[in-house]
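Across the two complexes that follow, chain A remains constant while its partner is chain B and subsequently chain C.
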Partner chain A sequence: MKPKFAMYWASSCGGCEIAVLNTHEKILDVDANFDVAFWPVAMDAKYKDVEAMEDKSILLTLFNGGIRNDENEEIANLLRQKSQILVAFGSCATEGCIPGMANFSPSHEIVETAFHTLSTENPNSIYPQTSYKMPEGTIYIPTINSRVKTLVDVVPVDYFMPGCPPESHQISAVLDLVIAVVKGEAELPPKGAVIGVGNSTVCDECDRERDVKKIREFTRAHLVGALDPNLCLLEQGIPCNGSATRSGCDARCPTAGAQCIGCYGPAPGVIDYGARLISSFASVVDSNDPDEIERILDGIPDPAGQFYRFSLAGSLLKGAREAV
Partner chain B sequence: MTEKSNFEPTIIGFTCNWCSYRAADLAGIARIQYPANIRLVRLMCSGRLDPTFVLKAFAEGADGVMITGCHPGECHYLEQNYKALRRYLLLRRTLVAMGIEAERLHLAWASAAEGIQLAREITEMVERVRVLGPLNWHLNGDQVQITHDATAELEVVA
Partner chain C sequence: MNTPKERIGVYICHCGTNISAVVDVEDVAQWAANKLEHKGVVIARDHKFMCSSLGQELVENDIKELGLTRVVVAACSPHLHEKTFRTACERAGLNPYLCELVSIREQVSWVHSDKVVATQKSKAIVSSGVERLIYHEALEQLSVPINPATLVVGGGIAGIQATLELADAGSPVYLVEREPSIGGHMAQFDKTFPTLDCSACILTPKMVDVGIHPNITLLTWAEVEQVNGYVGNFDVTVRQKARKVITDLCTGCGICIEKCPKNVLDDIYEVGMNYRKAVYTPFPQAVPNYPVMDLDNCIYFDTGKCKACEKFCPTNAIDFEQEDEMLKFQVGNIILATGFDLFDARKMSNYGYGRLENVFNSLEFERMCNASGPTEGEIVLRDGVTTPKAVGIIHCVGSRDKSHNAYCSSICCMQSLKFAHLVEERTGAHVYNFYIDIRTPGKGYDEFYNRIVEEGTHFVRGKVAEVTNAARQPDEKKKLIIQVEDTLIGKQRRIPVDMVILSAGLEPRHDAKEVAKLFGISCSADGWYIEKHPKLDPVATMTDGVYIAGCVQGPKDIPASIAQGAAAAARVQGKIQQGEMLMEPIRASIIEEQCSGCRICNDLCPYNAILYHDATMTSEINAALCQGCGTCIAACPAGAVIGTSYSNEQVLAQIEGLLMDVSV
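For the complex of A and B:
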C-alpha cells in the first residue's frame, strides 16, 4: 500500500497549490509514490473522511495558509493528529504572509471593508452571522479570529517551507527527498528544520555588486531613469529587503531589476525580520544628523509594510496594537 | 491597579557600558534618586542595540524602552552611537505605524559623569509613560463575534 499524501489550504490565495502543480511531471511522481488521501483543491473530499482515518495514517501533509478562523484551526488540529509529517508550506503557513497583513487592522474593520465599502453592492447591509436558523436546523459558518496566526501558533509543526509561493525546483527537491525517505534511501532532516531553502540571505545569492556605498535618498525603481544593472539596488536607493531574507529563490527579483520584498521570510538566525531590516537600512543612510536622517527616512513612507509585508503574523509583535 | 495614577510603568533601559551605565552607577553612589521603574541592561555600546531587543521588550510587557549612549563624537567604538541613532529613528517610525506611541521609545545621550542628567532623563521618561498608561502588548488571536446587527432577513433559496 502506498503512503498517504494530503495538502490543505487554510487562509491562503491558492498560489501554493498552483506552485505544487507547477512542478510539472514531478506531480506524476507524487501520484506514483503516494495515495492522495485529501487535497480539497484537486479532488473531492470531506472532512469526515479525514476524521475517519487512523491517527498518523497520512505520511505527508503540506499545509498551506494561515489560521484566520476556527475552521482553519480545527483542520490544522485534525491534520496534525492524522499526519506523521506536517509541513507548514509557503509563507502564509509559516509567517502569515499577505493575509497576515490584516493584523494591521482590527477584525471589525476587515468585515466592514468586505461587506460595506463603495465597491460592495450590499443595499440591505447584510452581514454574515456565524449561525443561522433554517427550517432544517441551525447552520454555521466559520468564526473569524481577532488576528491571523501561523500554523505553529496552533499545532506542533515538523518542517517549515517558506516562499510565496515556494519555488517549483525547491518543491521538487523536497518531494524527491520524501520519496527517497519512503524508499529507505535517505533520512529526514531534524525536526523543526526549514526546508527547501538556502542557508544564507538573498544578498548572498544576488550577483549585483556592493561597494558599501551609502545613500542620501530612498526612491523607487520606476522613478529612477536608468538603474545600474550591476550595482546593488539598495545602494541605488531602492529599498531592497535581500539582506534579511532567506536564500532559496536564486535572488529572482533583484536579478530581474526589482527589489526583494522578502517572500522567503527571515534569514537563518533572524528572530524578527523587520528588526533585521531596520538595522540594514539604517546602516546605509549617509548622515549623522537627526534632521537629515529623518528626511532620508521619509523615503520609506510605509516602514511597517516595507518590513512586515510577509512576516507580520509571525513577528515578535504579531500585528498592530489595534488588531484586537 | 485600576487608577491610572497608581500605574507604575516598567521601562527597559539599554545602556552603554562606557557612559550611561557608569552614569547610572554614579547616580547610585551619589545617592541621586531615580525611579525604580527602569530595569537597566548593559551593552558594550549603544551600537550593539539590536532593534530585536526593543521589540522583544515591548512584546513581553515593557511599557517603555529607553536607549542611552555616549554623546555624539564620544563613542568608544567611533561612530556606533550614530548607527544607534539611525536605527532608533527608523524603529520609532515603525513602532508608531504599529500603534505604539513615539514617547514609549526614547534615546538619550549621557556621559559617565552625568549621573544627575541621566537620573532626570529616567524620571521624565517614567512620567511620560505613566501618562500614556500601560501598553499591555497582547494580541490574543481569540475568536471574535461580528457585532453588526443584521437588519435584513437572509433570503433562503430553496
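For the complex of A and C:
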C-alpha cells in the first residue's frame, strides 16, 4: 500500500497548489509513489473522511496558507494529528505572507473596510454573521481570528518550506527526497529544518556586480529611465531585499531587473526580517543631515510593505500593537 | 523541568542608600533566590557595598564554596564596576566574562521614586541579567605589543607639552602640525592672564626644545592623511606638503623672505592685520625656522617669472620642483591636540564686525598688542595712528547664546579683563566691559578681576544689543555706539566709544568632524571631542590608544591645556611602559557561509577592520582591529555578523528576562 499524501490550503491564494502542479511530470511521481488522501483543491474530499483516518496515517502533508480563522486552526490541528510529516508549505504557512499584513489592523477594521467603504455597495449594511438560524437549524461560517497566525503558532511543525510560492524545482527536489526516504534510500533532515532553500541569501545567487554601499536615494525601478543591467540594484537606489532573504529562488527577480521583495523569507541568521532590513538599509544611508536622511527615506513610500510584506505575522511583534 | 545547566550567584548591592532608599533590596534578593531557582540561581544575597572588599569576598567565597559557574551583580553601571567584579571572579578562578553587572542604580533607583515599581523593575533587570548570562561564553583577552612611538597631532601648547613630556621620558614622538611653525594660538598672544607674563617668553623655549630634541620628529606644514590599525599598532600616513625649500640645505637666514617681492595678507597668524611674503615663516621665532612657499601667491608659479628667492639663496635650498611627500610610519598611541577656531563674529551682524572698521575680534586685538605685531604693540584704531579714548569690550560673543553656541567659552572673561588692563595701561582710555556674568574661577583669577576693577574699568552687566555708528546725539558723532540694557540699574544705555573689541568664543575646528572620523573617535553635538569619562578619564577617548588634550576637548585656558597635554603624555607613557596590553575580547566575526558579500558592512567600520575578499565574495573582520562596537552586526542584513557577548540568543534572552512577570 502506498503512503498517503495530503495538501491543504488555509488562508492562501492557491498559488502554492499551482506551484506543485507546475512541477509538470513530477506530479506523476507523486501519484506513482503516494496515495493522495486529501487535497481539496485537486480532488473532492470531506473533513469527516480525514477525521475518520487513523492518527499518523498520512505520511506527508504540505500545509499552505496562514491561520486566519477557526476553521484553518481546526484543520491544522486535525492534519497534525493525522500526519507523520507536517510541512509548513509556502510563505503564508511559514510567516503569514500577504494575508498576514492584515495584522497591521484590528480584525473589526478589516471587516469594516470590506463591507462598508466608499467602494463597497452595501446599502442595507449587511455584515457577515458567524452563525444564522434557519428553519432547518443553525448554520455557521468560520470565525475570523484577531490576527493571522502562522502554522507553527498553532501546531508543532516538522519542516518549513518558504516561498511565495516555493519554486517548482525546489518542490521537485523535496518530493524526490521524500520518495527516496520512503524507499529507504535517504534520510530526512533534522526536525525543524527549513527545506527547499539555499543556505545564504539571494545575493549569493545574484550575478550583479556589487561594491561598497552608499545610498543617497531610494527610488523605484519604473521611475528610473534605464537601470544598469550589471550593477547591484540596491546600489542603484532600488530597495532590493535580497541581502536579507533566503536563497533558493535563483535570484529570479533581481536577475530580471526587479527588486527582491523577500518572498523566500529570512536568511538563516535573521530573526526579524523587517527589523533587520530596516537597520541594514539605515546603516548605508549616506548622510548625517536629518533633513537629507528624511528625504532619502521618503524614497520608500510604504515601509511596512517594503520590509514586512511577507513576514509580519511571523515577526517578533507579529503585527501592530496598541501603544500602552 | 530540566535541571539548570549553570550554578548562578546573584548579588544585590545597597550602594549605601543610593539603591536601598528606593529599591527593597532584600526583597529583590529573596525573590531571585526563589523565582529564578529554575534558571540556575543557587544563591542570592544583598550587601551594603558590593564593591567593597567584603562584598567582593562574598562573591569569591561563593564561587569557591558553592561552585558557582556564573555571577550576576545588580549594582551601578558596568561603566564603573564591571571590572571590579570581573576581577573578583577571576581571583576565585572563574572566567571574568562569566560575570554580568546589571544596573539598578542609574537605571532604577536614581530615576524612580515609587518603591514598589522600582523594586519590580529591579527584579526584571536581575531576571534579564540571569537569562542573558546563561549564554555567556568564557572569553580570553587578546594581548598586543605596544609600539613605543607616539603621534601627536597639533603643535599648539597642549601638543608641545605632550610631545616634550614623552620625548623627555625617552619615547620617540612624531609631532605633526599643519601650519609652517608650531606654537599655535599661544604664539599669537602678547600677554597671558592673570600674571601678564609675556606669552612668547614662556612659549618659545619649549618650541626650541621641540625643534632640537633627539626623540622628536617634527613634521610641520604636514597633515595626517590616513590612520589604520589599533592601539599599540597604528599605521599612519602623513602628507608632507611641499615647502619648495630643501630643509637639509636651508639655514633659516631669511634672505629669500627679504628678497621676495610679493606681499600677501596673512590671514592665519596675523589674522588679516598684516602682510607676509609669498615665501615666509609666520613669525621670527618660528620652529622650524625654514620657510614655506605659498604657491597660490608666488609670482613664479603664477607667471613663470621671478625666482628671486632662488637667485639670492646662499645655500641653493630653493627647489621649485619639490612635490608633496607621503610619509608612512607606525605608532602605538595618538594624542590629538588640534585646538580651536575662533567664533566668526560676522555671524552676529548686530555687533558690526567686518562692517564697522573699528570693531576688532579678540585675536586681532591680541596681534595688535603684540610687540612684533602689525602695530608693534600700539593700541590704535584701524587707521593705524589714532589712539582710542574710549574702548568697549564685549564678553560672550558667540558663547552662552542659543543662536550660536550654548556653552561658556571659559577663557573670554579673563581675556577681556586682560584686554581692559592693556588698553588702560597703554592708552589711558576709558574702558567699558560688557558682561553677562564674570567667571573667574582659576587660581589668581578673581584677584586679577579685582585688580582690573580697581584700575577703573567700567563694568556694565548686560548683553549688548547692538554696536552702531548711527549717531543720535552730537557726542555720538563719529563714534561707535554700544546699545545695552544695563541690568544692574535697569536702564537702556548708549555708550559712545572709539573702539570695540569682541571677545569671541572658541569653536571646534571647522574640520573637527572629519578629523574625528579619521581617528575613529566621537564628537559632541557641538563638535568638541568626547573624553572617555568627563571626570575620571578626561584625556582618553572611547577609542583605545587615542587621547585628547587641550581645546580639542572643550574650551580651556593655557594652564588647563598644558595640564591635559602632560596628562595625556603620562597616560601614553604608562601604556608604553607596559610593553604590551590586553584588549577586551568583545569582537564581531562573520560566519563565512552566511555572508553573501553584499558589502553593506564594508564602509561602516569605524576601525577599518572589515575587508572584502573578491575571490570568495565574502567579507571578513580582522579580530585585532575590531573594537566590538557592533555597527556591522546591526547592519548585516543576513545576520551573518555575530558579536561575542551580544549574540542574538543573549539579546533575546535578555529581553525575555525583562518581560518576565515579576509581580508574582
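FYI, the second predicted complex is superposed on the first by the 317 of 324 C-alpha atoms of A that agree within 3 Å, B and C clash if a C-alpha of one lies under 4 Å from a C-alpha of the other, contacts with A are read in each partner's own complex, and residues count from 1 in each chain.
Quick note on the criterion: a residue touches a chain if its C-beta (ideal position, glycine included) is under 8 Å from a C-beta of that chain, and two chains touch if they have at least 3 such contacts.
Nothing here was measured: the structure is a model prediction, and the numbers come from that model.
Enquirer: Quick check on the superposition: with chain A as the shared anchor, is it clash or fit for chain B versus chain C?
Expert: clash
Enquirer: One more residue to check, A:283. First (chain B), second (chain C), both or neither?
Expert: Both chain B and chain C are touched by A:283.
Enquirer: Quick check on the superposed pair: does A:171 touch chain B, chain C, both, or neither? Answer first, second, both or neither.
Expert: neither
Enquirer: Is A:233 touching the first partner chain B, the second partner chain C, both, or neither of them?
Expert: Touch status of A:233: no partner.
Enquirer: Scan A:293 for contacts with chain B and chain C and give back first, second, both or neither.
Expert: A:293 sits against chain B, while chain C stays out of touch.
Enquirer: Thinking of the overlay built on chain A, is A:321 touched by chain B (first), by chain C (second), by both, or by neither?
Expert: first
Enquirer: Which chain, chain B or chain C, is in touch with more residues of chain A?
Expert: Touched residues of chain A are more numerous for B.
Enquirer: For A:103, decide between first (touching chain B), second (touching chain C), both and neither.
Expert: A:103 contacts chain B only, not chain C.
Enquirer: After lining up the shared chain so the two structures overlap, which partner does A:199 touch, if you call chain B first and chain C second: first, second, both or neither?
Expert: Second partner only, chain C.
Enquirer: So, does A:124 touch the first partner chain B, the second partner chain C, both, or neither?
Expert: A:124 sits against chain B, while chain C stays out of touch.
Enquirer: For A:271, using the defined touch cut-off, is the partner it touches chain B, chain C, both, or neither? Pick first, second, both or neither.
Expert: In the superposed model, A:271 contacts both chain B and chain C.
Enquirer: For chain C, sort through 1-9, 37-45 or 109-117 and name the stretch that clashes with chain B after the overlay.
Expert: The stretch that clashes with chain B is 109-117.
Enquirer: Common interface residues of chain A with chain B and chain C?
Expert: 271, 276, 279, 283
Enquirer: Would you tell me which residues of chain C are touching chain A in their complex?
Expert: On the chain C side, the touching residues are 591, 593-604, 612, 631, 634-640, 642, 648, 652.
Enquirer: Could you pull out which chain A residues touch chain C in their complex?
Expert: Residues 199-204, 210-214, 232, 234, 242-244, 247, 266-271, 276-277, 279-280, 283-284.
Enquirer: For the complex, which residues does chain B have touching chain A?
Expert: Interface residues on the chain B side: 50-52, 54-56, 58-59, 72, 79, 82-83, 85-87, 89-91, 93-94, 97-100, 137, 139-148, 150-152, 154, 156.
Enquirer: Flag every residue of chain A that touches chain B in the complex, lowest number first.
Expert: Counting only chain A, the residues touching chain B are 69-70, 103-104, 107-108, 111, 124-130, 132, 134-135, 143-149, 153, 271-272, 274-276, 278-279, 281-283, 285, 287-288, 290, 293-294, 297, 300, 302-305, 307, 315-324.
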